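You will see two complexes here that share chain A, one where it goes with chain B and one where it goes with chain C.
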Partner chain A sequence: MSIDRRSIALHVGLITVLFVGCFALNDYHQGNVARILVLATYAIGYNVMFGYTGLLSLGHAMFFAAGLYGLGMAMHYGGLPAIPAFVVGLICAAVLSALVAVLALRTIGVAFMIVTLMFAQSVFLAILYFGDWTRGDEGFVIAQSTRQVLGLDLTDPVTRYLAALALFSAALLITARMMHVRFGRVLIAVRENEERTRMLGYDVFRHKFLAVVISGTISGAAGAGYGLLFGYVGATFASVQYSIFPLLWVLLGGAGTTIGPLVGTIFMFYLIDYSSALTNAYMLIAGVVLVLLTLFARAGIMGEIRKRWAPWLP
Partner chain B sequence: MAAMTLLETKGLTKVYGGLSANEDVDFVLPAGQVHALIGPNGAGKSTFVGMVSGRIPATAGEVWFDGQDITHVPAHKRMKMGMAYTFQITAIYARLSLFENIALALGSRDNRAAKAALERVGLADRADQIAGDLSYGHQRLLEIAMGVAQAPRLLILDEPTQGLAESEIEGFNTLIRSLAGETTILLIEHNMNVVMALAEEITVLDNGRFLARGTPDDIRNNKQVQDAYLGSG
Partner chain C sequence: MTQKLMTNRRGLLMGAAAGGLLASSPLVSRFAHAQSSGPIKIGFQQHSTGIGAAYGRWYGRTTEAAVKKINEEGGINGREVQIVAEDDGTDPKRGAEVVEKFANQHDCDVAFGTLFSHVVFGSAPAAGELKMPYFVVSEGHHVASGALNRYTLQPGITDVKSQVQAMAPYVAKNLGKKVTMVFPDFAFGHDHRDFFTAAIEAQGGEVLKHIAIPPTETSFTKYFPQIPRETEVLYHVMVGPGVLTFVKELGEFFGPSSPAIFGFIDSLEAVDLASPGLEFLENTYFWEGNPRYAQADQTEYDKAFRAAVGVDANGASVSDSADVSTYAHMFGCWETLHVIKAGMEASDYKGPEDRAKLIEAVEAMGAMDESAAHPQGPKIFNGKTHQTFGVQYISQVQNGKLVKVHTTSIEDTMYPDEVDYTTQSF
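On to the complex of A and B.
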């Protein structure tokens, strides 16, 4: 099989397995995987910037939150139906990421990390500051009756799972396609050697800018999807913790691989889930596993698989 | 009829702190010529081509390419206008395959075009290898192949033969001769055998300043150049 065919088979196969999972899994895991799919969408967004373009952001929670609050406020206060509210969420994330890109891309390396961290912190504090509207830490609930799309009830577990899968699949296929065409190849080139890429005639700034906007918008789509499917909007999702999560998921699953973000999110979710059933010190177990992985599987799970057995993995 | 001018610099100057790495360099390069730029270490050769390619902003002066003032045009646009640049210190994508490296230079993933471009430096059978695993000489050849693959009008080569074996230098000379005529080449080179074999004209820089220009024979017999650079051979 050619690389293209293998890559298509991989992505379509994965989506099919997840689709079957909706009906094969018990209620508990079905609920978990629905949540994982939305969070993995967030990780896919993060991966565009970190894994493929080599830009390490410590502030992605602001994009997730932009989508989450964009949708949440539009529904809660604006009375908008789900789909227009989702679009509002996307626009909020796209505008914020364009703004952050223009300002943060003036810096590189550690300075870039710190600038993104500071931006995210400002967004977090703004959410708390406007607590009258955002309900701050406590957050607010999006009424169940409004969480409907085309006559489908998104609060129903099966519908919710399938909606989460649709969101995840869109993000997965968009990034897989993107990394297949020249634009994505140039992002990798920027990551590998910026100066060489510039001197081959590519507009490095433009590519980085678009990477940040695409990354931020996918992350925002995940945030909007989260609000819509789980009905809760709160400031925790804008906190530093939520900026670190996607970094961990992507590192674990394999930075710069298309399905690594999902693998990492599943791995971490169930690692915490199982270890917290065993002991109160579940973060310790999670920490030890993370350390082992970074010692023995530097490239993350899918990254190691690519290195050892499947160099064609996209 | 005088040949068309492809590249021209007027009073090009670069000052680092107190040091003038280039001072008031006027230079004219006719289209189609293979031109060598020589001079002692630190003479300002890399700085000069850096300003020509846009990697290094000029402190003063102008760069004209194909009749246009490009002094303020960013580097990537200059490349799009038809320049290609190979670095003195090898700059390839070390973690990507040779095919990926060439595809990025070509701007296309056409397998045959990539193979043909690698073939020009004898690396076609290594297309699937990771560039960083190549020997140093082969990495240099890859970088040269990338420059050639861009099908530039002006190819700037900064010490391309440094680190190449004798046989590879032969191959390099053949490659450059095959481009001569269509591609204008600005070649920085310390290996005088290569310079004498390839260059139609030579410019000598010394201490950031223009020292001399002429045919290989002129330069070989130039007293000033002998003192500054060639030694009394």
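On to the complex of A and C.
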């Protein structure tokens, strides 16, 4: 089987397994996986920038929040139906990511990390500052009755799961395809050796700019999806910890692998879920596991699998 | 040697990963299912970690004590009450996950216990969708404002709007009418800003200056020069890890001469009044949801409540005098659990199929007398707004202790309904 066919089989197979999971899982895990799929979409967005392009952002929560608030405020104050509001969320995230890209890409390395962190903090504080509209840290609820698409009730567990799967699948297939075409190859080249890529005649800034916009927009789609499917919009999602989460998920699952973000998100979600049943110091357990993985599986779970057994993994 | 070690470590990692996948499998269910003859399971959404941890610790102790009492008295409808506590990390996303866990994994009958407003907002949609009665102990105005849903109720603690509103008559009459407010620049602070400003104006007073402190602030001195000279009353409220620094710096700024100072005890909840630097608080005033120090006219109910939870006459743990309780808020857990008991008994609750009946029974409760079930004081539950109303206390620091100087009426705390949840279908 060629690499392309294996890749297609992997992605289609994964989506099929997740689809079957909707009906095979019990209520608790069905709800968890729906949430994980939305968060994994966020991680996929992060992976485009970090895993494939080599740009380490510490401020991705601002893109997630842009989508979340774009959709939430359009529905809550503008009275827009779900689909147009979702588009508003995407536009907000795309515009913000373009703005951040133009300014932050003037820096590299540690400076880039700090600039993205500062931008995200500014967005977080702006949400609190305009509390009369955003309801600041408390946030607001999107009415259950408005969370409908084409007559489908997104608060129904099965519909919600399938909607989350659709969102995740779109992000997965877009990024998988992207890495098969020249644009994606150039992103990887930028990650591996930016100077050499420039010397070969590629417009590095344009590629990095597009990577940030695509990454930010996918993250914003996840934010809009979260608001729509789970009905809550709040400033917590713009805080620094929500910038660190996708970094952890991607590192754990395998940076620069297409399904690594999902694997990392599942791993981290259930690690916290089960360890919190054992002790209140569950973050200590999570920390120890992260240290072990960093020491002994530096490429993350899927990265190690690719390195050791399946070099064809996309 | 190295290779062998690597192999073992790799094996360990693979085992951990496999274990993680297996554990997440639906085939593995470590949890028993509730039965109508089994215990009543109450999911306790606890702030064990995160910004609310100090509250969560005491909410936990109060909950344990209340459940012990209820079980000793025969449980609910003859069934034992069991608490299923889950840490929400004081995080709204995790809060919603925890509510789902209560409903779909632990098979809890109801969920209860949330304090921080953003966690309530984050969790309430999940409770509404899962049709899980969700009894919050938050003092936020979220329930009564109509922002949530029919499954969310706050029967055991009053909300910030009624608390703030009830303070204005006393402040205007006894402390002064020209007020400067210092509050955190997020939703909780904005509620104080908006509700108190309106309430003091209704008393013929005015707020000279609103000083909002950004939530990331760690030093507060630079904000205090904004306080106008003609200020008669400084109104302060602060929450979070910076509260002690805030109050100390306030004292350093004013020195011996200051306007009258009125604060919400939130600024010093779980903080020892004897802490160095707080001496300047002598003679200042505080709102207290429930008086931290045992008062001269202490009721038998308060005495029994303190003994059950393990709180001494100074509001600290009986086993550690430095472990100061969150006394102004934690009674809410005790009272809410008794409301759940009363509601389940009134509705002859048997299982999740009776959840709507339980909510209707609580909506119909109305007046609740001061009693062993309601040691903080009498209350009136508004079934339409799902919010309880009750007396508030104003205390003055005298000889380093908070001494109650005023008790409001319940009427002082009431305001027109902003929602009627009973019109929403189940």
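By definition in this document, the second predicted complex is superposed on the first by the 314 of 314 C-alpha atoms of A that agree within 3 Å, B and C clash if a C-alpha of one lies under 4 Å from a C-alpha of the other, contacts with A are read in each partner's own complex, and residues count from 1 in each chain.
Just so it is clear, a residue touches a chain if its C-beta (ideal position, glycine included) is under 8 Å from a C-beta of that chain, and two chains touch if they have at least 3 such contacts.
Only a predicted model underlies this, so the values are computations on that prediction, with no experimental measurement involved.
A.B. asks: Tell me which touches more residues of chain A here: chain C or chain B.
C.D. replies: When the residues of chain A touched by each partner are counted, C comes out ahead.
A.B. asks: With both complexes overlaid on chain A, does A:267 touch chain B (first), chain C (second), both or neither?
C.D. replies: second
A.B. asks: Just checking: does A:292 make contact with chain B only, chain C only, both, or neither of them? Give me first, second, both or neither.
C.D. replies: A:292: touches chain C, not chain B.
A.B. asks: Quick check on the superposed pair: does A:185 touch chain B, chain C, both, or neither? Answer first, second, both or neither.
C.D. replies: The first partner, chain B, only.
A.B. asks: With the two complexes superposed on chain A, say which partner A:95 touches: chain B (first), chain C (second), both, or neither.
C.D. replies: After superposition on chain A, A:95 lies in contact with neither partner.
A.B. asks: Name the contact category of A:203: first (chain B only), second (chain C only), both, or neither.
C.D. replies: So A:203 only meets chain B here.
A.B. asks: Examine A:248 and indicate which partner it touches, taking first as chain B and second as chain C; both and neither are also allowed.
C.D. replies: Touch partners of A:248: none, neither chain B nor chain C.
A.B. asks: Between chain B and chain C, which residues of chain A are contacted by each of them?
C.D. replies: Common to the two interfaces on chain A: nothing.
A.B. asks: Can you name the residues of chain C that touch chain A in the complex?
C.D. replies: Against chain A, the touching part of chain C is residues 6, 9-10, 12-13, 16-17, 20, 23-24, 26, 29, 48-49, 86-87, 91-93, 96-97, 100-101, 103-105, 117-118, 121-122, 124-126, 128-129, 140, 142, 147-149, 185-188, 190, 214-216.
A.B. asks: Which residues of chain A touch chain C once you look at their complex with the stated criterion?
C.D. replies: 24-29, 31-32, 35, 125, 128-129, 131-132, 135-142, 144, 155, 230-232, 234-237, 266-267, 270-271, 273-274, 276-277, 280, 282-283, 289, 292-293, 296-297, 301
A.B. asks: Which stretch or stretches of chain B touch chain A in the complex?
C.D. replies: On the chain B side, the touching residues are 53, 55, 75-77, 79-80, 85, 87, 91-96, 100, 103-105, 107-109, 146, 150.
A.B. asks: If you look only at chain A, which of its residues touch chain B in the complex?
C.D. replies: Where chain A meets chain B, its residues are 182, 185-186, 188-189, 192-193, 195-204.
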